Each structure stands twice: as structure tokens, then as C-alpha cells.
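This is the structure, below, for whatever I ask next.
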């Protein structure tokens, strides 16, 4: 049936003297048809078996990262036909539901534990062990996000690899707001504490007649990654948002967690961070380019674009701030590729994967400065030409020493679950229609329900 | 009815011939219907059955081979879900504002354009234009128009009160959503009402005028009653469409260009189908999401029935035959 | 003159947002959110249109959209006309019930079918192809069936009696008597079908791949600078180009549509 989106126009009104009883009969008929049809479900086809002929690999990824030219190049080198499907979570889940997932797909750190716990990913350890291109010793620490021993990420077999990565908690300062506020730009050798950062943010924050001039401190990719930021702050004290077995989100009952959540909430409440009452129509990288953000928290990868026509010469790269004095600056995105456990041609999928991660495409990525390469042997390829790039490299080298840490995300919920709940309850909380305590309680209720659902599903599998 | 209704008198030969003829007629009927019959069975009934089954399971969307039946649990859960209640409330509020105002606007436009006007084709196209703009484009139009910085709306208000800086999509999200929906549907309804007006015999109105009725009285006591079946139809269609809104609130969320799970519209624009969409694609509760949607279907049905039941009081079918 | 005042004021209100899109589409990116607001660009940036075409690979994806929309339209108009004709002019057991089933399906939330339909198409290996639309076209659409049924029901009975006396079969009656007189309904149906596919976003992103997807999907992501920052002015140019064919189509068929609705609508 076609889902005509605009029903008002073409439906004529004549003969609509349909009575209530007839209408009910019609609806009953729909229900009856629905009840009979299950008989036919039993004869659904099995997924089509592997076709003979040249191998074909379906890759689901972001077309900005991996466009048609990249596809053709990779296709020519591997001699494997590649079909590109735009990254879209709805589509990915629907493809899994159909038992026909893409052979390779793009993931980020926070989603990996869930995919592994549901046995959606192929264990690539044997392939890595035999690979001449992707040697296990050569893997950058961010790849630990793709390791799992079946219970926890960080150690164990490899299930994928980062396409590139960055220590993600570094800061970018735009000098102009600092000059206007008469505040000195922080040093690029001494990390700030988060408290100092909040105080600084209030000073450089600027609004005029309700209009935004500068945001003080913007983080977490417009709150989409808010749980990742909180997790990293808590990691300094060996704490987490979740109980040790991930069975519960604990905020109110854990003073350490509550403090972190309060801190992040206050940034929004003090209006120094983008929030539902004063949102930006853009992603925060664009706002920084427009010169509207004083301090931005993004990984090294953003250095490739931090300098726009507007901000050129006025950007300083700063080390990651610290919450309690223990420095931690891992990646929180670990964007990369995995291979589906249901792939029909794992060897072909691996060939494409291997070439993308270790071949010419990987070298090109390393040279572009869009993140730290996934292989340590490619680190020297990162660009160091402009003064800004040199300053960035100086800070980066120090940060790399703090980046060997894996954030353990909850395997029972999806990567969007926490942020969705946070954003949902933040708006009423900022408006004052619910208290901070209620805000926390609502998120706990949402996430704990989701965890319970996820646990039940994981138990099913 | 001709075949069946005739008295089956006379010889049995004639009866057999009749039966044969009506069998052939039935066959012709089903032959014409066959595309839809086959299509409905395969493309609607079958997926619908799967959706119905799904609503009684804990299916997570990943593995079809391990699905557990949970009985009515998803339905009882929906009744206790505070987000579902909030979303339902917002959706109903949207419905009771958008449907009457929307139908009113459509009717007003049709009455205005039914007069003898110059450039009526052009005017018709202007009012109809929003209806042709696909929803993704329409959302862009309204985001741009209401943008606090580059938007024309603030600029216009700024003429009367300088330094106006209203974040429309934050402070009045439901207003913008309602206006967007009304704007987009107005042209379509207008055309239907225009058609309705052209079907009203001119003598009725002329007679009333001769009797000394004012134009307003003619409209109120002649035109509107005669148009009531059309109004009724537009209300029914409007109710069905508004309750099922999904894309518009997502697309009007600041910072969003496409539709993807995890988008959180302003709390006031958190609609029921959006909640189901999140249940399915963010929380992987395919069964629960399906249950929510079946509840919505039941509600649509119920409201439509209520409308039909109450329609006798104000819908006037007098002219027809 | 008073009536013109009201109509023109309303027309202005209705078209203002669209006019603003047109103006924005020829602004410079720096004029887009400038403060104070830039009402008219200093120099119209017609190049935005050129960029909109090249950045989104317009020729390729517009071709996809045209092909897919036309294929669906042709099929669904033919099948729906047949089914609508069956409902209007022929009898068989269960006719009224079946017709109510047609109306009942129109009340279903689309999302309910979304996942099961995808599962079905994927299992039949029909994703990343245009087959789902072909099948939808072959299956007739409830809305269009409704439209044609109402339209054909209004035809006088004598028309077909005369034809039957002349020995015409039911299909020939349909093709030679009814179809030639169904211009407005055919036009209206065709335009709505075309509009649906052209404007749809959810199904193409779910069912097609990067190469064969439609313009609607491509436009949502195409207009960003190399840094990934949105280029709103070019986006607006893209939207204008995207909507233009639909407006042209409507303008050309406008009278037909109104007449189509008149004839189908009122004769109860």
C-alpha cells in the first residue's frame, strides 16, 4: 500500500454517508485479514543464499566520509564490487530485522558494546592475526574500544577497527572573546580543571539583547555525546554512570556521579553551553567556525577545520581539562568499521576492510589531518606545516600519553538512549517546570527501564 | 442488484442461465479488483499481520529466531507509560487546534476565491503551492522564516518593535508546527471546498438574495449547510492525518536536517507516533512500538466513529437526490 | 475592492515564507544570518543554483526521481482506475465490505507497516531496487481507488448499456467508454501519485542505496562545505529546483485537478 502523505486533497467526499456500523465492519475486516495472514508468514523465504559470480560487499557508511570516488577506488584495488548505503540507524536496524544486514558498517564507541553483546559483529581476531597489513602490535590504543572478552570492552578479541581517532576531550579556544573580556587565554601546557573551565566560560560568555555573541563552553556535540563526557569525567575516579554489572544507572545515590551530572546541568542552566532553550541551528563545529564559541571541546580531528576565514590565526589548541587531577584523554567516538556476524562473504568483506584500514585510503586519511591514524606506524604522516598545525602537534603528543584508556559503555542500551533521555528532560528542567532532582529521577527511570529491556533481550540471544 | 432481486420465477432453465450470468458478473468484478486484492493480501495484510504479531512479543529487531511472546504486556505498559501519555496529550491538543482552524482556513479561502476575481488561476496556485512542497522542503521553509537571526518573521515584527529576538522554534514550537501543518494543507482543502461550492446550484443562493438575505446570511444559512458534508469529510480526514503526524515535529527541531532516531523535538512537540518511532529505533522495542501504533489505530477508529455518530446533528444531506 | 484586499493580504501571508526562500537562495552565505538582517542580497548570487545542481549531482538523482515517480505513477493510475471501475460499475459478493476495507486501510498509521514491509522486501532481495515501488504500483492504492470509484460511479448507466448492446466486453467498455471520459480523474490521480514518490523521504532512505536513491534523500545531505558546515543559501536554491517541477506540473494541470475533484466530489 502506498502511504500517501497528503490525504486531504484527492479524497473526494461524495458517497461518504457511510454509517458507523459499516465503518466498524471495514475496520473489522482489516483486523480479520491481519489475523488470517500469519498462516502465510510461515512460508517466508529464507535470506537469499550467496550468489555465484564476483563477490559483492555492502558497506553502510557516511557518504561525506566515504563517497562515490572512494568507493570506486576501493573497488578497483580490491576487485570486489562495493555497494554503498548511506549510514542511517533506522535502516541498519531494519536490515538486521530482515536478517540482511550490511557486510560492513560504520559504528562509534558507545554503540559497540551493545552490538557485541547481541552477537551482531564478527570476531575478527583470526583475520587480524594473519594480516600482513593490519598488525596487532601496530594498532593504536583507540582500537581497544573494539576489543571484547564477551563481558566487557577493552580487552579480548578484536571486532573492528577505528578509521582514525582522536583524544577527544581537548579544547579549542578562540582568542577574540578572551581579548574582549580581558581574560588571558589558558596555557597550552597546563590542563585546566573543569571547575576553572566553568568559571572561565562564564567570563567569556556573551549575549546581547537575548542574542548570542559567544558561547562560553560548548561540549558533547550538542549533548548527543553527553554520556560519553560524563563517563570520562567519572573515569578519573574509577567511577561510572552505571553499576559495575551495568544493570543500573546510578546518579542520585552516588555522590560522585551526581556531582558530574550537576556540573553538566549547570553549564546548560547558566546558559554558557548550547541548550534546548537557546539551541543552535548548526552543529557546534560550524558555530566555532563562525566565531561564536569561546571554548569548544572536540578531539584532534577538528583541528583540520578549526581555522576558518573568520577564526584563522586566532585558535589555540588546549589539553583536555581534568575533573579531579587524574588526566584521562581517550577517544569517545572511535569511529570505525565492523563486519556483521551475518555476512555471507566474510573474506571479501575483510579484503575491503583491510584495504580501507591499512591501504592507500588510510594513508590519505592520515595525511589529511582528520584524526590520528588507527595504525601507530602511520602517525608520522600527520601534517605539521602551518603554525597552528605545529602547535596542535605539540599538545597532541602530550595528550596521546593520556589516551590509553577505554571507556566502558553500557552493553544493554543503544548509543542514543542516554542522550535522548537527557535532552528530553533537560528542557522542562531548564524551564523550571521540574526540579533538578526530578530531572535526575526521570533519566534514571528511562534508562533503567531501557536497561531492563536490553538485559531481557540480551538474555534471549 | 438487478439479477438477485428479480423474482426467480419461471423455468429452471432460466434460473440456471441467471445463475451463470451472475457468476460471470462476479468473475468480471473480481477480475477488475484483482490488482488490489492480490496487492492488499501481499503488501498490506501480510505485513499488517506481522505487525500485529510483533505487538505481542519482545522482538528487538535483531534476531527473528529468538522472539518471546509476552501476551498483552506491551499494551498494559503503554497505558502506564508517562511519555506515551504526554505524547498523546500533545497530539490531541494539536488535533483540536489544527483541525478546526485548518478546515476554517480552507473554507474561508474557498469562499473568497469562489467570487468572480481576476487572476483567480494565479491566486489559486499561490494558495495551493504550499501543498505541493514536500514535507522536508516545507520544514526548511518554516525554519528559515522563523529563524531568530536570518528569519523574515522577526524582521517584520522588528518594524513595530525594534530588537525583537524571538526563538520561535523554542518558545512557541507548537504554534510554528500548527501553522506549518495548516499552511501545507490549506490549498488541498481549498480545492475540495471550491469543488463543493461549484456543485451548489446557483438558484439556492439567488433565491435567498431575492428574499433579502445579506451575503453573510446567505453563507451562514444556505451555503454552509449545503457544504456540511464536505466540511464533515475534511474534518474526518484532518483528524486522521493530525493524529498520525511524525515527520513535521522532527524536522522542525533546531539543528536537524533529516529524520533520524535520537532527535528530540521540543517537549511540546513530542507527538505520539514520534514516541513509537523512538521506542522502535532508539530503544529497539519493536514489539512495544507496534503496540503503541495499534493503540493509535484504535483511537483513530474510535474518533472517526464518534464523528460519524454525531454528524447527524449538523451534517445536512438534503440536496442530494 | 474590499474583497481584493482580503484575498491579496491572505495571498501575501501564504507566500511570504516561500518568497523568503527565493530571496535567500540568491544571497551570499555571509548575508544569510547577518545582523542586522539583509532583506535583499547586494548582488544576486545566481551561482547558488549552479552549485546546487553540481553539488547534489542533480542530473543523476533527478533522473532517478523522475524515473521512479513516473514508473509508479503510470502503474498506480492504471491499476487504480481498473479497481475503481470494478467497484463502481460491477457487482460481486462482498463488494461493500471490500470497499470498506479500502477505506479502512487509509486509516492505518504508515509506521505500523514500515518495519514488516522492509523485512519482507529484504527477504525477497528487493531492497536497493525500484521493485517495491513497482509492486506498490501494480497493487493499486486505496486513495486512488477511492478517487476513481467516486468518479466512475457518477457516469450515467445508459452509457454502458448501449455499449453492451453493441457487444462490447467489460474491458472494452472500460477502455473505450470510460477512460476517454476520465481525463480529469486521470490527471488528478497521476499528479498525486507523482507527488507522493517525488516528495517521499522515509521509504527511499529505507529501501534504496547511495547510487539509486532519490533527490529528496540526496538534498538532505548534499549542501555542506568541505568542513561539513551547512550551506543554507545553496540548500534553498536546491529546494527551489526540487519543488519547481511540481509547481509547473500543478500549474499545467490545475484546471483538470479542480474539475477532477468537482466531478468526483459532488455527485454522491
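As written, the chain order gives the labels A, B and C, with residue 1 at the start of each chain.
FYI, a residue touches a chain if its C-beta (ideal position, glycine included) is under 8 Å from a C-beta of that chain, and two chains touch if they have at least 3 such contacts.
Everything quoted here is computed from the prediction, not taken from an experiment.
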Subunit B and subunit C share contacts with A
Sort the other chains by how far their Cα centres are from that of subunit C and give me the top one.
A
Taking the mean of the CA coordinates per chain, how far is subunit B from subunit C in Å?
16
Suppose each chain is reduced to the average of its Cα coordinates; what separation in Å results between subunit A and subunit C?
35
Subunit C, residues touching no fewer than two other chains:
35, 98, 101, 105-108, 110, 113, 115, 119-120, 136, 139, 195, 199-200, 205, 221, 230, 261, 265-268
Which residues belonging to subunit A are in contact with no fewer than two other chains?
1, 5-7, 9, 11-13, 17-18, 23, 27, 30, 33, 88, 90, 94, 97, 99, 211, 282-283
Where in subunit B do residues touch two or more of the other chains?
39-40, 43-44, 46, 48, 50-51, 61, 64, 135, 147, 149, 191-192, 195-196, 229-230, 240, 259, 280, 286, 301, 304, 317
In the complex formed with subunit A, which residues of subunit C make contact?
35, 72, 76, 96-98, 100-101, 103-108, 110, 113-115, 118-125, 127-128, 136, 139, 141-144, 146-147, 150-151, 153-154, 188-189, 192-193, 195-196, 199-200, 203, 205-206, 209-211, 213, 217, 221, 224, 226-230, 261, 264-268
Touching subunit C in the complex: which residues of subunit A?
1-7, 9-15, 17-18, 22-23, 25-27, 29-30, 33, 44-48, 63-64, 68, 83-86, 88, 90-91, 94-95, 97-100, 211, 282-283, 285-286, 289, 305, 308
Provide the residue numbers of subunit B that touch subunit A in the complex, in ascending order.
39-41, 43-46, 48-53, 58, 60-64, 66-68, 83, 131, 135, 143, 147-149, 163, 165, 167, 169-170, 184-185, 187-189, 191-192, 195-196, 229-230, 232-234, 236-238, 240-241, 254-255, 259-262, 264, 266-267, 270, 278, 280-286, 301, 304-305, 308-309, 317
With touch defined as at the start, can you tell me which subunit C residues reach subunit B in the complex?
3-4, 6-7, 10-11, 14-18, 20-21, 24, 32-35, 37, 39, 79-80, 82-83, 85-87, 90-93, 95, 98, 101-102, 105-113, 115-117, 119-120, 135-136, 138-140, 145, 170, 174, 195, 198-202, 205, 216, 219-221, 230, 232, 235-236, 239, 242-243, 246-247, 250-251, 254-255, 257-258, 261-262, 265-268
Subunit C partner contacts - residues on subunit B that touch it in the complex:
1, 3, 25-33, 35-40, 42-44, 46-48, 50-51, 54, 61, 64, 109, 112-113, 115, 117, 121, 123-130, 132-137, 140-142, 144-145, 147, 149-152, 154-155, 158, 183, 186, 191-192, 194-196, 198-199, 229-230, 240, 244, 246-247, 257-259, 273, 276-277, 280, 286, 289-290, 293-294, 296-297, 300-301, 304, 317, 320-321
